[in-house]
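Next come two complexes built around chain A: one with chain B, the other with chain C.
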Partner chain A sequence: MDPIIKEYKDKLPEKVLAEIEANIPARISQTKLREIMELTVVEYGRMKVEAGESVGLVSAESIGEPGTQMTLNTFHFAGVAEMNVTVGLPRIIEILDGRKEIKTPMMEIYLRKPYSSGKDIKQIAANIKETTLVDIIAEISITVSELVLEVTFNEAKLKEFSVTASSVAKLLQKSVGSFTITVDGLRLVLKPKTKDLKNLNELYRIKEKIKETFIAGIKGIKQVLPVKREEEFIVITAGSNLKDVLKLEFVDEERTTTNDVFEIASVLGVEAGRQALINEVFKVIENQGLNVDIRHIMLVADAMCAGGVIRGITRTGVVSEKSSVLARASFETPIKHVINASLIGEVDYLTSVVENVMINQPVPVGTGMAGLMVKPGSVEKK
Partner chain B sequence: MVINDMAKDVDLAKHYLVPKHSVLSDTEKAKILEHYRITPKELPKIAKKDAGIAHLEVKEGDVIKIVRNSPTAGKSVFYRVVN
Partner chain C sequence: MTSEVYMNGKFVGNVDDPIAFVNQVRGERRKGMVSNNLNITYVQESNEIKIEASKGRVRRPLIIVKDGVSLLTPGHIKQLENNELTWDDLIKHGIIEYLDALEEDNALVAFFEEDLTSEHTHLEISPLSMVSITTSLVPYGNFNQSTRLNAGSKNQKQALGFYAANYLVRMDMDVNLLLNPQMPIVQSITHEISNYAKHPAGQNVVVAVMSYEGYNMEDSIIINKASIERGLARSIYYRPMITEELRYAGGLIDEICVPDKDVKGYRSEKDYKYLEGDGIIYPEALVKEGDVVIGKTSPPRFLSGMDEYNLASSTRRESSTTLKHGEQGVIDFVLLTENEEGNKLVQVRIREQRIPEVGDKFTSRHGQKGVIGLIVNPTDLPFSASGIVPDIIFSPHGIPSRMTVSHLIEMVGGKVGSLAGRYINGTSFDCEGEQALREELLSLGFRENGTETMYNGQTGEKFHARIFVGNMYYLKLKHMVANKIHSRARGPIQLLTRQPTEGRAKEGGLRLGEMEKDTFVAHGAALLLKERFNSDKTFVPVCETCGSIAIKDEYKNISYCPSCGDSVDINEVEMSYAFKLLMDELKSLCIYPTLKLKNKY
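Right after this comes the complex of A and B.
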């Protein structure tokens, strides 16, 4: 980079500097270049948002208006495994409310080379999917006369997930300790140890319970769907478990991602969570064919992540952080806020916008932010 | 930021969503606070246990410099205080 351009590193953003660098003629005099830089700084300053501009209000309007045109549907993934994905307004609400449990968690798992070439992609996908007992058995039944549970395995499935009847028996033993498990070829017999378990109701309950016993794969991954994206194969999943998936040997840990922003924030940090939040909101807006400037979304994401954790725009989230009682009361459940504030003798210093609107005073926005001060004695008498 | 109990070593700092985090020295910190005319309390926060700074040695009150990749500015610098 030209040394003169470099001097302006603190005054102009990188992107602007790169643009200047690319567009100046090859042979330019120092004075000319300096003149260009000075003019750019002036122009850049002019384009910045002015101090006192109510950016939050502008963002709210800019996201809210296109939001009225969003669809309320969820859409289906075409493919072998049908997957639902929350899109449109419900998804936006879900993200901005900061819901911990999202409706349709999803992962995009990128694979390392050579796994990404598509060879054995089905096997890889099957490895990721959470496998429970019910996936590998042919039959599970209760023998009423002897009051025992019988599990019969599907041999092909056992091979597919490379487990044996005895290894499964060990896993089962952990979840149901009060049963003696005997292995008989492809059959398991579960016999209750204590008397109080020897009734049909109890056996039926246990039968349903052991069906969910975790055998192999990654916990939480309910469905897998290999897809070709551009030149490589990736695995899209329903259900999400970022931490465990990243540990897998064949997974590209640099690009693999999930649509659960809280999970990203806890595994990769708030900053990654903020970025994921922006990406997710922007993806929805783009998908709907709407046009919202990304700066608005960045502002919302910054507000949500300012506390070091992701907080939703709800009365328990960012709104609860407001210092003014009246501002909090104006959002939701006003009476609760007013009562609590009066009980502990809270003081409202009326430093923000909403409370000043309420009491009909100038709001500290734009010209309302500046006050007038007079130095006593400095005004000449006429 | 390497998790040991896995089949391979995963450096989470290399993930595309994670921007570069670094700790400011005391003089740099004073300079930043002077520049914005604020106290550390007014900065956005980051938890001490946050995964993004797990590879750094931080104590409470440290200021973390974060260089984000921004679609509008190329690179943008952000500061957070550890709490």
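Right after this comes the complex of A and C.
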């Protein structure tokens, strides 16, 4: 990098410096370059947000207004049943409210070199998918006279998921300890160890329970869909389990992602969570064909992540952090806030916008921020 | 095949051959053996027979068809015309029957007699019966989208007209009467059937379809000032004012009279100037807002102790009926009577002439409503080669997106009708064809497509485009600006919050709401925001020691704190009254808010 450009490292961001570097002619005089740099600093300063600008409110309006134009439709993957994605306003609300359980968790799993070109793609997808007992059996029945459960496997399915009847029996044993399991070819017979299991209802309950026994794959991945995106194959899933997916050796852990921001934050840290938040909100807005400056979303994401964990913009989240009683009370559940404040004798210093609107004082933004001070004695008396 | 039979939704039994059974019941009904109020349906999907004879079903009459031949013969029609046969006879003879929505599922109905095949079971009496009476008043309605017909019939319901011939002796609320109403030139058969000539609701006008100086943007219309002065769309508005002499406990009673000067709440003498000796205004008095129409005094509200024996007039309250803010008119009619309880009842009707003004709403019969955008002198309006100046200029931009073809055909039809001196039949599905109208227009010496060469009224220049001109039936709608116009600079405030009242009737302010507030904050206009919101600005004396609200005695000019006494510093703090109210309400919840005062600078 040119030494003169390097000098401006503290004054301009790296991105701008790189852009200058790339665009100046190969031969340029020292004075010319310095002139360019000085002008850039002035221009850059001019583009900065001015002190006292209500950035938060402008962001809120900038996201809120296009929100009124969004559709309430959910998007369906062509041909795949039960594979729909929450989009539009419901998705935005879901993200900004900081919901832990999102409606349609989804992953985009990128693959490493040989697999990304489509090698064993079906097999890989099947391996990722969560398989429970119901997926591999042909029949499950109760013999009432002997009070036993009988499980019959589907041979083809057993092969597909590369498990055997005995390995499944071992897994089952863990979840139903009070049964003795005998393997008989493709059949499993579950017999209660104690004789006091007289209640048939109990047996029915166990029957339903063992259906959900986890056999293979990754927990939480309900559906898999291999897709060709541009030149490579990726796997899109319904259901999300970032931690376990990243452990798989064929997965490209750099690009694999989920739409569950909390999962990203817990696996990769809050900074990653912040970026995921921005990406997810921006994706929705782009999808709807709307135009919102990404900086508004970044500001909201910053506000949500400032505490080191992701907090939603709700009365239990970001709003509960406000220092002003009046501001909190004016959002939701006012009585709760006022009563709690009165119990501990809270003081409201009226430093923010909402409180000052309530008591009709100048709000501390824009022209309301500046005050005029006169040093006593500095004005001559006439 | 056995089918279940349900009578009014209850299971009653089984039938072996459902179709034969249903046909038999229908046959008996047509013969009059079974009530014609009964409908029977065979539902194939569930193999059930449903018989309904309960109330609340919507039913409609249809002509019965047998073997592809209508049972209503030309002979019947002749008999009907000669009054030898009535509608009831047709039902009795099994020629016409009423079907409900469910039995219609079993029927195949033909629109026209020519369409009949052996499959058909019924024939529509008229295709017009598929729409309501109001909708059938829309001429050439079959050329339109259904939504426009809905709008068209909705608009007609709001039109001013001649609602009742005895209006002079009636005391209806909010009466609007159109002066000089006319029959439409382009009519449907419903106009004849419904005796439209007895209660017409519009006027025939000359309409030019063109733009005019941008004053007919967004569905507004231009109207000819001379037409208004000739009485076009003039209407009368009647409103009654009612009061009665109420009786109270203890034999006390209201009194309708000119109130004495010592009555509590006495207005100025000027306000009572129109009242005659009996306390009621005289007819034909010109009244404005604030004028008393019926003078009345009421007994005092609360009686206690010795007051009971001292019923001097000084304790009575004034409770006259006056004209509210913005109201005016002429006293039309005074009615003195008594109500069910035998109390004296006085009704005074106020009349007001309404001349069309900018903002009044008009419509054609095709859902093409709009307000007056400009009233223009005829000298400035475009004129045709034959010297015709339009009454109304309608914007062409209203046509393409709404596709109201009937609007255009009515213009041509109206033109032909007015030139040939006859009414045009525009009944939906059964109208005079567009082609015939065009030919007739041509034979009357006009361009067959209804356009005319026109000249700019302001410059005299010929327009490059030919303007589509025709006659239409226009309706004045009941939404008039005079009832809606509203503005406020200062005015009444609410007692509780000291904020401006809400609504036109209370001369209220227009709220600068939450979202509007946000725009001020976004612009950083803090002081402007404060100024906008200071409608309830107050100065509250605050005790510096305890921080609670102190008391300021304006008479003695002293301030003191109710808990700390008068030897403390008390400062006046500016705040919104709503916030002071909030603090008071918190106190009522046993929460004690205090204010810590600090110098701002």
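Criterion: the second predicted complex is superposed on the first by the 376 of 382 C-alpha atoms of A that agree within 3 Å, B and C clash if a C-alpha of one lies under 4 Å from a C-alpha of the other, contacts with A are read in each partner's own complex, and residues count from 1 in each chain.
Operating definition for what follows: a residue touches a chain if its C-beta (ideal position, glycine included) is under 8 Å from a C-beta of that chain, and two chains touch if they have at least 3 such contacts.
Everything numeric here is computed off the predicted structure, so don't read it as measured data.
Asker: Applying the touch criterion given at the start, work out whether A:295 contacts chain B, chain C, both or neither, answering first, second, both or neither.
Answerer: Only chain B; A:295 stays clear of chain C.
Asker: Counting only touches as set out at the top, which of chain B and chain C does A:93 meet: first, second, both, neither?
Answerer: The answer is neither, since A:93 touches no partner chain.
Asker: Figure out whether A:147 sits in contact with chain B (first) or chain C (second), or with both, or with neither.
Answerer: neither
Asker: For A:58 in the superposed arrangement: first (chain B), second (chain C), both or neither?
Answerer: second
Asker: Should A:181 be classified as contacting the first partner (chain B), the second (chain C), both, or neither?
Answerer: Touch partners of A:181: none, neither chain B nor chain C.
Asker: Go through the superposed model and pick first if A:253 touches only chain B, second if only chain C, both, or neither.
Answerer: In the superposition, A:253 touches chain B alone.
Asker: Just to be sure I read the superposition right, which of the two partners does A:276 touch: chain B = first, chain C = second, or both, or neither?
Answerer: first
Asker: Is A:319 contacted by the first partner chain B, the second partner chain C, both or neither?
Answerer: In the superposition, A:319 touches no partner, neither chain B nor chain C.
Asker: Under the contact definition given at the top, report the residues of chain A touching chain B in one complex and chain C in the other.
Answerer: After superposing on chain A, no chain A residue contacts both chain B and chain C.
Asker: Considering only the defined contacts, which chain A positions touch chain B in the complex?
Answerer: Of all residues in chain A, those touching chain B are 13-18, 246-249, 253-255, 257, 264, 266-272, 275-276, 294-295, 298, 302, 305-309.
Asker: Given the complex with chain A, which residues does chain C contribute to the contact?
Answerer: For chain C paired with chain A, touching residues are 517-519, 521-527, 529-530, 533-534, 536-537, 574-576, 578-579, 582, 586, 589, 591-593, 596, 600-601.
Asker: Any idea which chain B residues touch chain A in the complex?
Answerer: 3, 5-8, 10-12, 14-19, 21, 44-47, 50-54, 66, 68, 70-76, 78, 80, 83
Asker: Show which residues of chain A lie in contact with chain C when the two form their complex.
Answerer: The touching residues are 52-54, 57-58, 60-61, 335, 338-339, 342, 347, 353, 357-369, 371, 373.
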